[in-house]
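Labels run A, B, C, D, E and F following the written order; every chain starts at residue 1.
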């Protein structure tokens, strides 16, 4: 781990996204609440929050930090679900990895809940959208 | 969790893939062994193995199972790294989620190690390639 | 841990219960879907499943075992929620602790989600209802 | 998780309780140090401390925080054990969930150690007794 | 991880040892039950059992397996504590790492509980004593 | 846990060491990069970092704290590997246990990777070398 002992503690915010591609019939099952194991979006939200809090246990060079906010949102499209996670903490290091871990685990959880009917699901486009706070200042992904 | 008590324990194999898109300069740093924190591929391999073993702790409806083999490989391309994970276990349920979790966490770990120089990295195309064993038999992703 | 190496692997089932006592106004919030952080029952179900899978990490003399099924149900009463968890596994040891851990963590999760409006919630009556499988045979709690 | 970035870090204290009801013969075994696996109270104390430190991993909307003190005490009665946990931390959020998780896991651990002789044990009355620190000030459970 | 899918499941036993060297005054505190935080041997035993169950989460190439028995014993000498752990499981792989992890964590736990009075404690001689089961048969450390 | 609420948060540094004794032939395998499962030193470094971050989950009376730096180094000798770990954090409590846990887990990981060829490996001399920060000031192990 890099030494962060001389950095300042400030409010850090990170927003990450992922996109899940599913069959139209799978999207219909989700939207009609007919996935046998429950509502994949509700379950994925909980899994994503837990994964954000545990990111440093998954990713070796990720610093442990007491995160303060994790928001997870889903935008349903015809054959895709866009997952967005926002993470906040007051700390010396950023929270990008927490936000990226949240969207990845949300995607894996939805995959797991629909895989019996749609083995071809693809999780893609896991990326940082925005980052605020810290010495390097704000970063917003260029279009 | 679905009830699996009537399923047979057989050898289960799953192969999953992910693709990391990086800047050409970042690929050069990795290939020349000049990433400051160490070799991202070595670290990502360890993180992926640990994540595969812990998949059921991340993914709510994923059954815990004693996995027997996790293999992680990296194919370096000009501006991309293709990550492949193979998981095996003798169990009543498949090991897809373990293989998918492995490639996702490998991707997140590489991201984390190069993010100081390349904030635009994208992890994509996380998907199952092949699956063997179990009542439903073999499945190979169509081209 | 007791030595279990001479016991037989058979299907083990355990059912446990807990009762959460809440204010009538809190019950109304839950039933009307107006708890600010989300649906406490959906979140509690996920937390309970994860806790059942991790019971051996919480309880020192609890054996780790690959559980196969966790079912969590909620019965809403006027000022109470009855939580029931059913756990199944084919193993040499029983799954009582997994079922009891599930209902306890479900109760703690609901508590956490309503504590801002109802600090007086009490979790009670955590107990085994039924147990099947193993040398000692079936046990059903006497009325 | 609720956004806590505007709250102040102050000393937070929470006290929680639970009551375990056991058969008189089981109480005698505990008091005479004749439980085969060891002293349930010593083991339960360690499990409770570990559970308090890990509460945010069990309870989805519970914030991770660096707790500073966990005290666990047992009051033995004729057919019951009253478990009390006190937790302290300097943080922006309270430590109620840590104290409640501690008493719940202490209860589950004692249950696990005596279940071979007393399957009818009931864990009840898990509740917050007192809470200090934070904007909302002190709260003491009314008699 | 090596592929173990062709190995047989048999009863595996491993015995490991470690030796903690402490000041004579620290040994006296332990023997007289005057260590402020509690009985280090009781706490170390619980920590060792939990660590044995979680060895695969600590050690990357260690297979997860449902262990069935962990025994931890302490032999008090004038200025040393000899820690012995015995682990059993019916599995395709051995349980050496579980036994070694148990004695290492027992040693670290005792260290932690006496470090305020004896900073010079040394944990040494962590080694396998005996191993039974599996294709390679029994192994006993030569004198 | 001792109450630390009146202590000051300052930069804490701890350095710990362990020594692994191996057969000369095993040392040769490591130095020539011919250990079948990979480079034990690379894997051990990752395992040590993860273990340092998770020390409070292993050791009951160890406080959780957001560590900021873990450095792990290996000095290869003819029949031994000396492992050194340095840990830093700004906190009210020291980071000795994190450094000691790191070297112990590094040693166990190397052991695990060479045990198929060298069952006689011994991990010894796990000890604190140096400690800085906090009310008690600096401590350096006397020669």
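Everything that follows uses one rule, which is that a residue touches a chain if its C-beta (ideal position, glycine included) is under 8 Å from a C-beta of that chain, and two chains touch if they have at least 3 such contacts.
Given the structure is predicted, the values throughout are model-derived calculations rather than measurements.
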Query - Intersection of contact partners for chain A and chain D - result: C, F
Requested in this report: Mind listing the chains that sit against chain A and also against chain F?
Outcome: B, D
Query raised in the report: Does the chain C and chain D pair touch with the same residues on each side or with different residues, judged by whether over half of the numbers are shared?
Result: same
**Report entry** Pair sharing more residue contacts (C-beta pairs) when C-E is set against A-C
**Finding:** C-E
Query raised in the report: So, what's the distance in Å between the C-alpha centres of chain E and chain D?
Result: 28
Requested in this report: Let me have the rounded angstrom distance from the C-alpha centre of chain A over to the C-alpha centre of chain B, please.
Outcome: 17
**Report entry** Distance from chain E to chain B - Cα centre to Cα centre, in angstrom
**Finding:** 32
Query raised in the report: Which parts of chain D, given as residue numbers and ranges, touch two or more other chains?
Result: 1-2, 43, 46-47, 50, 54, 60-61, 66
Query raised in the report: Viewed as a graph of touching chains, is the assembly arranged as a line, ring, star, complete set, or other?
Result: other
Query - Full enumeration of touching chain pairs - result: A-B, A-C, A-D, A-F, B-C, B-E, B-F, C-D, C-E, D-E, D-F, E-F
Report task. Would you mind writing out the residues of chain C in touch with chain E in their complex? Result -> 1-5, 56-57, 60-61, 63-66, 91-92
Report task. Quick one: which bits of chain B touch chain F in the complex? Just the residue numbers, please. Result -> 38-39, 42-43, 45-47, 50
Query - chain F to chain E touching residues, read off their complex - result: 1-2, 36-37, 43, 46-47, 50-51, 54, 58-62, 96-97, 100-101, 104-105, 107-109, 111-113, 115, 119-128, 131, 139, 141
Report summary line: chain D contacts chain F in the complex at 11, 46, 49-50, 53-54, 66-70, 88, 90
